[in-house]
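Supplied in structure tokens, the structure appears directly below.
A, B, C and D label the chains in the order they appear, each numbered from 1.
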Amino acid sequence: MDTIYIKKLLSLFFFIFTISPLLNLAEAIDAQKLLKEVDDNLWSNTKFISGRLIIDNGRKVRTLTQDSWMEGVERSYSHYKSPAREKGTKMLKLKGKLWIYTPRTNRKILIAGHLLRQSMMGSDLSYEDMMEDHKLSQSYIATFDRIQSIKEVKYTILNLVARDKKTTYQTRRVWINPKDKTILQEERFAKTGKLLKKILFKDYESIDDRIFPRTMIFKDLLKKNTQTTYKFDVIKFDLDIPDHYFSISILRR
Amino acid sequence: MNWDIAKKNFFRQGLRASLNVFVTAFSIIALIFMLSLLNGFQAQATRNVVNTDVGGGHYIAPGFDILSPTEWEDHTVKIPKSLSQLDDKDKAEVLVQQGQLYPNRRLYPVQIRGISMNQSLLKLPLDNLFNFQKPIEDLIPAVIGAKMAKKTHLNKGDILTLKWRDKSGAVDAKDILIIDVGDMLNPRVDDGVVWLRLDHLRFLTDRAEEVSWVAVRNYVGPILGFEYQSVELLMADLLSLWRQDRINSKILWAILMVLVCISVFNTQILNIFKRQKEIGTLMALGMEPKRIVRIFTLEGGLAAFWALFVAILLGLPFFIWFHSVGFDVSHLSESTLPIRETIYPDYQPLEIIYSLVIVFVLIVTAAWLPVKKITKMNPTMALRGRAIK
Amino acid sequence: MIVFLFRGIFRDKSRFLFPISIVTIGVALVVALVGFMEGVFMGMIDMTANLDTGHLRLVNKPFYDEEHLRPLDRSLAAQKETLKWLEHNTNSDITWAPRIRWGALLDVPDVNGNTKSQTPVVGMALDFKSSDSFEIKRLHLVESLLKGKLPLGKNEMVIGNQLAHSLKVSLGQSVTLLGQSFDGGLVADNYTIVGFIKFGVTTMDKKMVLIDLIDAQNTFYMDDTVTDWLGYFPSSFNFTNYVDVKNKINFNLNTWIKTPPKDWAKDDIPITLSILDQQNIGSMVKTFTLIKSFVVGIFTFLMMLVLWNAGVLSGIHRYGEMGLRLAFGESHWKLIFTLGIEGLFIGILGSIVGCIIGGTFTWYLQEIGLNMGDAFSKSGLMINDVVRARLTLDGFIQGIIPGIFSSVTGTLIASLAIFKRSEANLFRELEAG
Amino acid sequence: MNNKLISFHEVSKIFKVGDENFTALRDINLEIKTGSFMSFVGPSGSGKTTLLNLIGGLDVPTSGDIFFKDIKLSSLSRNMMAKYRRENIGFIFQTYNLLPVYSVYENILLPLLLNGLKENTVRERVIDIVSKVGLLDQIKKKPSQLSGGQCQRVAIARALVKDPLLILADEPTANLDSKNSLQILELMKELNQQYKAAVVFSTHDEKVTRYIDREIGLEDGKIIFDK
């Protein structure tokens, strides 16, 4: 154990003395600004997505289709269309609260407390992950880590540290293409630094002057052989969403 | 006078008398043995639960329910001064949190239980945890029970991921090192429990000075902001199981006593049959029938007395020997009962005395019942050996 | 000659009634004792079996491996086909009961339909409604019902009494179960609480919910799918045979797996477990067997002493007859032989009567039970105050063998005394009457 | 044909009573002929019963020899001795010693069964002897339903039924009143002549002497007269 410690120390010295010129370069990149630009690219006032959630639990693959309407960061409403069992299930997020409605029970149930940590519909996402309603640039302080070339693209890697202690993932790391302000991948860490989840953004397309991914792949790294793919088939930005979509009264048959 | 005659008669019976004495003596030994073993078993199991978990009761954070894992995080409290100032031998601070263990990268929900390392109230195999000096930046030292280890296929030295939430709700996870697999004796603190140092758990969850409960040696009066749960309440299930066992043992006891009484009863019947001439003679000599009954009953009593003596003579060394070696139930140690490898009988003097008194009374009654008909005997018939057919 | 002797035995109260009553009582006591011990122990085994493990349990291996998570997605499909297979490939005296063990969140709404309280529960789904279902009786549910009724209609549930208390629900309350379906999807379904059950074990009283199997299959989208098949033997079937039956079924399963039902997932492997493999029952059985043989051993020993005693006494009682027969020129060996036959006869007869008496007592304890607790506490499923016994062949054997053995040895030991005495002495005692 | 049935040569019998030796019989020489009807008389403890036990093969002498015809009894094994008794000796007791659980018929049947005979082959024989002792109408009764005299008749029949060469009767009339005693003695005498079985009994009853062929007086283990 001690040797590991010494090695670590040594590598730290090595790092400081040899790479310090690079550090200066890094300072030049405004990490926070870059993150803001990414957020601006991804977020819009309102958004509609018709998509598929492909859940692979290692044994079986399941596909859910849903329509989602989002307004800002605080309000969103999804309506599941298939499979038959989930059809008509509605989820409404309002100011940090999540309700779920199922036609079968004809009830709206508040997903709160520990239920939030449960896997959402068997996926690698928890309801909490779903609830994530902040812009990264608002919730995290970004610092530049390094630059990495992947397939001839130089990605800027940013380390994000949460501003608020209550943020689920206290640290994240994002791979950003500074040119088009897109994210290649994101890693979510436990407070003490253990890598927990990995999200891949794929199939970027230009939609309404934004570069938007059509596919997101979530992986829970603590589990074996599971992943959830979110495919966006229809994406619309800045559309008018009727107000009642974001009211509790929508949660009925 | 009665005594003398009874004594002489008793010794004259020879084989028959000694048989009876032995049957009774063995029954007494078996009886005491059975009761003491049960006592020992229960006392030990109770002690194990007390030693590993219950202590002398818990001061528990209000609303905390060990059966509701999802609410553990919501029911922790800062330890009040009145409890924290107790001596380390009189209290054990415990913090319980929900966690997810990933043995073999499969989810296993666990209870993370942190316990203060300085406490000496509860006896747990956590010495290695206490002695672990390295900082926890790399690995968190943890101890699990043998039952848990078996279930999760984990061994000493294994490293795996544990996930939890801190006080603010942030996800946290780190690799833990199983520094020891201990025999917890009590499935309640073994099955699905990962033991950490309290200081580690408090640090990891950002819950300085917080506890879920404090196990205490003695009740120290009501404490504001805490609920006191007594030993009886904490062990209700086990205690009701014990009660059931006691009832069952009483039935065994009764069956055994019936056997002893039958033996004495029959001996007495044949005794009288064989000795009717003697009874007739005693009557002819002018002895009142009641007195003869007394003599014969006394003889039965003597048998009980001798049985007692033999039981002590044979039983005492056996009990002492057994108490030293115990009853090996090592194959039970991983079962659902909180019991150690070896059960030592627990001899309760008062209980033994009670039992012996009952045995004595029963035997004398069994000796008296058949002889009471002597009073109705016709002396002349008795003399000719024709009084009883 | 022997017929002649038996004629005498029957007529002589002291020759017949006395030793026979001793053997009878002894055998009856042992039968009752063994029955009682078996009852207490098998009661424990059965309660575990009834509730949780079955005597045998057919379960999908992937499910069993992650049982603590109650992964419904790893349950075993093709319920009907499985039942058919089980009926054809396992002993006909095993009753198979399909079950679903599930876990979910129980959500209690307020009057407006908003969530009032929520708690995770563990549940078991069993066949409440089929007319040929034995489950209600098996789990003593009628007796354990504190309040309300058992599920009869669609989506009705009974819950542990402490759970009811902590959720502050009343009978007739509609609640929602939230969980994960067979295919990992979201499950939400409404149930009506129709009864409160006292299980007698805190964990279950606080967390247990029972629903009907069909309802569960509906709720969790588990059409034709269950998590467990619990196999039950008739109570006369001894647990020592479980392993053999289990192995046989597993052997048969190997062939079945080669041509699996089409609904099975590729890694579905049903395995059979006996109760001895679960919940550490196996090690408890070992201990019990040890304790039982210990107690029965002590008991048999004591009984033999008593019977020997009785043999000696009745031998003494019969010195006259022995003397006479010797005087008439019967040889010692023949005398002892006939005595032995008599002992055997008495042993057998006493054993029969003893078995009847002990058996009746045991049967009574088995069927009706002996309530040792206070009358107010209702008997629970698991630990209850009713002492029960178990009538087993084993118990009879363990009673009969020492009964006959000690009767014969008792007589023989007693006759040794005759053997040692000279004819003249016997004769004299004969004269003395 | 040699009519010597039993002969004693210098027979002594010593019992150990506590630490002391008690000489029950001292240097007895005696012969008993077939078909004789004789008695030993003498006070209690004179050795009558011991003498009968020795004749009956129930006991062995301390010294001296006893012969049955030409067979030396003391050299027989226990089993041979039993066989000797079974085939040759019939016993009659002072207290009858009938087995209370058996009927008159069964009590008389017992010795035949002991000799290995089947009940159905000897039924006639038993009934015959019952009628000879005059108890045919009591044949199904149990001993407890009979008078003392009747019991002793059963005992006689039981002794006679196997046709023994010798009947030993230890004080057969001691428990009977004089009328019954006489009847019993007459019966025994009658049967003695009919069956040619020697009858030897012990008595201290003066009435007996009238019927007997030979009377041997005993005192302190010695023969004091033989007439």
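The rule is simple: a residue touches a chain if its C-beta (ideal position, glycine included) is under 8 Å from a C-beta of that chain, and two chains touch if they have at least 3 such contacts.
Being a predicted model, the structure only gives us computed values, none of them experimental.
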Taking the mean of all protein CA atoms as the centre, name the chain whose own CA mean is closest to it.
C
Pair with more cross-chain C-beta pairs in contact, given A-B and C-D:
C-D
Chain A and chain B: spacing of chain centres that average the CA atoms, whole Å
57
How many angstrom lie between the CA centroids of chain C and chain D, rounded to a whole number?
65
Centre-of-Cα separation between chain D and chain B, whole angstrom:
71
Cα centroid separation between chain B and chain C, in whole Å?
24
Which chain C residues reach two or more other chains?
433
Could you check chain A for residues that touch two or more other chains and list them?
113
Can you pull out the residues of chain B that are in contact with at least two other chains?
70, 106-107
Chains grouped in pairs wherever the two touch, ordered by label:
A-B, A-C, B-C, C-D
Contacting residues of chain A [partner chain C, same complex]:
55, 57, 59-60, 62, 64, 83, 85-86, 89, 100, 102, 104-110, 112-113, 115, 119-122
Quick one: which bits of chain B touch chain A in the complex? Just the residue numbers, please.
70-71, 74, 100, 102, 104-107, 134, 138, 161, 163, 165-166, 168-175, 204, 206
For the complex, which residues does chain A have touching chain B?
1, 4, 113-114, 117, 162, 164-170, 190-192, 194, 196, 222-224
Chain C - residues contacting chain A, complex
62, 73-74, 105, 107, 109, 113-115, 118, 176, 178, 180-181, 183-186, 188-190, 221, 265, 267
Touching residues (chain side chain C, partner chain D) in the complex
1, 4, 7-8, 11-12, 15, 320-321, 324-333, 422-424, 427, 430-431, 433
